[in-house]
Each structure stands twice: as structure tokens, then as C-alpha cells.
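Consider the two complexes below, in which chain A is the common component and chain B and chain C are the respective partners.
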Partner chain A sequence: MEFDLREFTENSNIDLVNDGDLNIKISKPYICDLLSHVMSNAEENVLWITVQNNSNIVAVASLLNIPAILLVEGVKINPDVLQAAIQENITILETDLSAFDVLKNFFNGDR
Partner chain B sequence: MMREISLHILDIIENSITARANKIKLTIEENIERDYLKVKIVDNGCGMDKDEVKMSTDPFYTKRQIRRVGLGISLFKTSAENCNGYLKISSKKRFGTKVEVFYQYSHIDRQPLGDISSTLVTAILGHEDLSLYYKHIRNDKSFVFDLDAVREELDGVPLNNPEVVCWIKGYLKSGLDDLK
Partner chain C sequence: MLSVRNLIKSQSELLVKDMMTKNLITISPDDTMLDSKIIMKKKNISGIPVVEKDGTLVGIVSIVDVILALDEVALDSKVGERMSKKVISLNENQEVSVALDYFRKFRYGRLPVVDDENKAIGIITPNDIVSRLINFLDLDKVSDSKEASDCNSEEEIYLDIKGGDFTHAGGASSQLKKILEKMSCSKDVIRRAAIASYEAEMNVVIHSNGGFFNALILPDKIIIRVHDYGPGIEDISLALKKGYSTATDNIRSMGFGAGMGLPNIKRFSDKFRIVSSSAGTKLDIEITSREGK
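Then we have the complex of A and B:
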């Protein structure tokens, strides 16, 4: 399941909005929108997929050592959230696809 | 952004206690006709100055030294804002802090209020000498729980006595049920 973050960002459906450390191995994707649930359940080094769009997501990612957040289904990151992500060196990605489709494509090798 | 609003409330109560408050007043108001849910928590803790108040809703701020990011208030705020609401803090150094949170009652993203009686019992059990006053208003009915009055009635029996805990929980539950 492990994959390179850089390789993932090269997917044509993905927009790289902020690059933190791209030379990192992602252990697996993790999908959840309830932040308190993420705080108690997500592992480090996952790619976190959500539609939440507020600076709390960056705080949670930074707290849990989550290197990258992917906003799905056309959610565009708010400027203040982006600012926090730049500060915390968290990679931010966007896609118009759903979480299911983006992962299905990636793991099928449809880039 | 926690499963239930009651967990956000517990988090704020914990903040108050960390701020050395021994008096906490919690008011919850559900007004279905006017479509709002309001939560107000007032404490007599050490309070915050202007800068600290501003920082308190910043997810990267915390009093705790171990963790660089403190999220409680920030999550509560986002949760309310997601439901056409707001979170407002006013505070005065040495006097205490007031947190007011407003939700659109019927908003589809509003979490359920959750299990308030268990939340309060948790808070009470953790802090023996806490003076807690809780008022719950639902439309035109209201319910009041005054821990000091309970304490007086108990006449020295500790609040963490299992029978007392059971009674408090039941009393809160039936009081809240009567509002429905």
C-alpha cells in the first residue's frame, strides 16, 4: 500500500497547491471528515483525504505528523488555511474527483 | 466537529478548571421555533487578556507546553460556524471567562447535543469541589440543576459515592426528558 507522495502528486487529476516535503513515503490513504475522530484514530504518515476546509485540518495534520492533505470533490483551500499549511510545511492537494475515484485511479495505475 | 456538542462542552469545562475556576455556570437553550441552539459557559477562572482571547480560537495556540497546537475552542468554533452560528469569548483577567456558542438549530450539519447528563457527571466526578450551576431551556420550559444545593442536601456524603452518582445521573436525565 505504501507509495511516494511525489508520485501521487504527479497524477493528472491532482493539483499540487502547497508542496511540503514531497520526498516522503505515504503509508496509506486515510479518509475522514470528523476532526476529533481523526485526532484519535489517524496514524502518522498517511495521506489524509477530507472535504473540511479550515485551519484546524492543518493543526491536526501537524499534531499527528500527517505530511499531506488532499481536498476532494472540488473543494478549494481557503487562503488562511493555505497560509497555515505553508507555515507548518504540510503538503496540500486538490482534486475534483471523489475520494473513491481518485484512489481507484491511482491504485489502478490510471494516471 | 466532535461527535456531539456535549463533548465540546466538556472540553470547555475542562478549560475552565485548568484556569482554576471553581464556579461554572452552564446554560443551554434550544429554541425550535426561532431555530437556534445556544450554549453559554461562564466561569470564575483566572481569565485571559485581549491577546490570549484572540489566540484561544487559533488552533496553533495552547497553554500546554507539551503540545504546540490546542484545538478545543477552535473545533467548537468551526462546528458552530459550519451551522450558520458563531463562538464568542469574552474574558477578564482575574475575573473569569464567558464562552457563548450559537448554532442554527435545524442546520443539517449540526451535531446532536448528545449525552449532557453523562458529560456533567464526568465533570463533577473529576472535580470534587466544583460549584456547577446548569440551566437548560427548551422552548418555554426550563430545568435547573444546582450542584451546591445537591451538596447541601447530601450533608457530607461525598459526590463520588456510587449511589449519589446514580441519583445525579437519573435526576439530570429525567429533568431533561421533561423538557421534551
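Then we have the complex of A and C:
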């Protein structure tokens, strides 16, 4: 399941909004929108997939050592959230696809 | 009001070398972590500057390093391999006000003092400054504080939390996490402290009129106190149930209100106490190392 974050961002359906550190191995994707569930269940070095779009996602990612957040279903990151992500050096990605489709494509090799 | 800071600033001739302790306990990089442990216990100190044979300061070994070595059953390893090499020191000829600024900025309980050739010649603690300053002011009657209470790796943070302030939310827990990382606490302890403190902090932001966040980091545990000024939790047993939440729709739309806040704190802490009345909710959390248990 492990993959390179940089390789993932090269997927044509994905927009790289903030670089962060792309030289990171992602252990697996983790999908959830409820912050306390993420707090309790996400491991470090996951790619967090969500539609949440407020600066608390950056706080949560930073506390859990989550290096990258992917906003799905056309959600565009708020400027203040992006600012926080730049400060905390967290990679921000966006896609119009759903969480399921983006991962299905990636793992099927449809880039 | 007489401020110590202003007093020190007004005495620009007060130098670090006048206030430091010259009786310096050191260790060699070739000594073992077991030696460090024995010295710390015997001298009742929690950090030892590491010096070469010629006195050059090359690092510092702390009680946290000893604990980590204990955990890894590596007490026979060399101090030079496990010490912190990025050691922040003061020059003997620097003004004492610089030392105060360093203590505030780097949050260390003690700083080694070196001469112009980077040879360790003393150690200075905030208490050294205060007690010598009191001598200086000719205010005696101050009980002799032992070197032991000067040299410790304790850290404390205290921050106010504003109710409803989602923009700065998470700031206190994030500051705690950064300090714990700097002190090289174990990953497990850092993670659990981060989760428990974030949930506690967010409860204050979401549900209260504001409060404070206080974390005391001790060598063997972290004590986190998060207290707010009301309105209090109506039914604590319900609040402790997974999935129960009183958060409004607006708050839920931000991803909160999963009803997992208190259950998460309980799960990731080692001791957990909650008291609530209309005057406020007091949450006391303890995190201890679970390694080797």
C-alpha cells in the first residue's frame, strides 16, 4: 500500500496546491471528515482525504504528523487554511474526483 | 514596582561569570550512559555538560536521554553517541540579561557557560540569578536553595483559550507537542499528549466561555490541566459516551461534534479526572510513558 507522495501528485486528476515535503513515503490513504475520528484513528504518514476545509484540519494533521491532505469532490482550499498549511509545511492537494475514484484510479495505474 | 528584569538591565556590568556556579559537574563523551545515571542520581541533577579532556564543551546529556537509554536497554552505550550535540551555551562575558532572554527563549532549566575558547567553566540557572541578585540587593534571609532544585528538566506552559475562536484553535496543543519533541520524549507519549490536549482544548473552544490550558512536563509524566469558565456539562456520563454530542450544526459542519472528544481523552491518557458545574469544567489529564509496561 505504501507509495511516494510525489508520484501520487503526478496523477493528472490532482492539483498540487502547496508542496510541503513531497519526498515522503505515504503509508496508506485515510478517509474521514470528523476530526475526533481522525484524531483517534489516523496513523502518522497517511494521506488524509477529506472535504473539511477549515484551519483545524491543518492543526490536526500537524499534531498527528500527517504530511499531506487531499481535498476531494471539487472542494477548493480556503486561503486561511492554505496559509496555515504553508506555515506547517503540509502538502495540500485538490481533486474534482471522489475519494473512491481518485484512489481507484491511482491503484489501477490510470494516471 | 521593582521589576527584576529592569533591575538587571540597569546593572549592565552584571555578567554571567559573576552569577554562574563554578563548581561544574561534567562527564566525558567516552563515559557510559550508566555513568550519567549514577552521577545524576548522586548529585541530584538532571543534566550534565559533556566535555573533552581539554575542557571543550561538546554536548549535554539529560535525564530524558538516560530514560531513553533505559528503555532501549542501552545504558552501556557511550555518552558521546546519545548526548544532545546542539548545546546552547552562554559566554562568561555576556550580560546576565542575555541569560534571562535565553532561558525564556529556549525554555531550558540550566545553561552551560563557556569561555572564549569554548571550554566549559560553569553552569547557570534562573535560580542562580535570582539568589545572587538578592545578595546583591542585600536582602538576605533567603533560604539556601539546593543545586538540585535548580537543575531539572521541568517545563511548564500556560495559555489562555478563547471560547469560539476556531482560527487559533489547536495552538496550545501544538505548542505542547513542539516542546515534547524538543525534549525528545517518546513518540507514543507525544502522540497521546497531542491527541488528549487537542480534544481538551477544542472542548473549551466549542463549548465554553473560555478557559486556560496548563501543561507541566516532568521527567516521568505530563500533567495537563484544561479548565474553563462555564457553562459546564449537564450530564457528564452522557458526555463520556461515544457519539454523544451537544455541538450545534454550525460546529458539526466544521468536522467537530463527533461525540468522541472526552472518550478520546480517556482512551489516550493514563489518568483522567473531570469535574463540572455551572461555574466551569475542570479536566485534569496525566500521560505517563507506557513503554516497557
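The definition used in the following text is that the second predicted complex is superposed on the first by the 111 of 111 C-alpha atoms of A that agree within 3 Å, B and C clash if a C-alpha of one lies under 4 Å from a C-alpha of the other, contacts with A are read in each partner's own complex, and residues count from 1 in each chain.
In the analysis below, a contact is a pair of C-beta atoms (placed from the backbone, for glycine too) under 8 Å apart; a residue touches a chain by one contact, two chains touch by 3 or more.
What you see is a predicted model; the values in this text were computed from it and never measured.
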After the alignment on chain A, I want to confirm one thing: do chain B and chain C clash, or do they fit together? clash
Would you check which partner chain A:N13 touches, where first means chain B only, second means chain C only, and both and neither mean what they say? neither
Using the touch definition from the top, say if A:N105 reaches chain B (first), chain C (second), both or neither. neither
Mind working out whether A:L34 is in touch with chain B, chain C, both or neither, as first, second, both or neither? both
A:V60 contacts which: chain B (first), chain C (second), both, neither? both
Quick check on the superposed pair: does A:D80 touch chain B, chain C, both, or neither? Answer first, second, both or neither. second
Report the partner of chain A that touches more of its residues: chain B or chain C. C
Touching both chain C and chain B, counted on chain A across the two superposed complexes: 34-37, 39, 52, 54-56, 59-60, 62-63
Quick check: in the complex, which residue numbers of chain A touch chain C? 33-37, 39-40, 44, 50, 52, 54-57, 59-60, 62-65, 80
The chain C residues in contact with chain A across the complex are 166-167, 169-171, 173-174, 177, 191, 194-195, 198-199, 202, 254-261, 264, 267-268
In their shared complex, chain B is touched by residues of chain A numbered 34-37, 39, 52, 54-56, 58-60, 62-63, 84, 88
The answer for chain B against chain A in the complex is residues 1-3, 7, 58-60, 67-69, 71, 74-75, 78
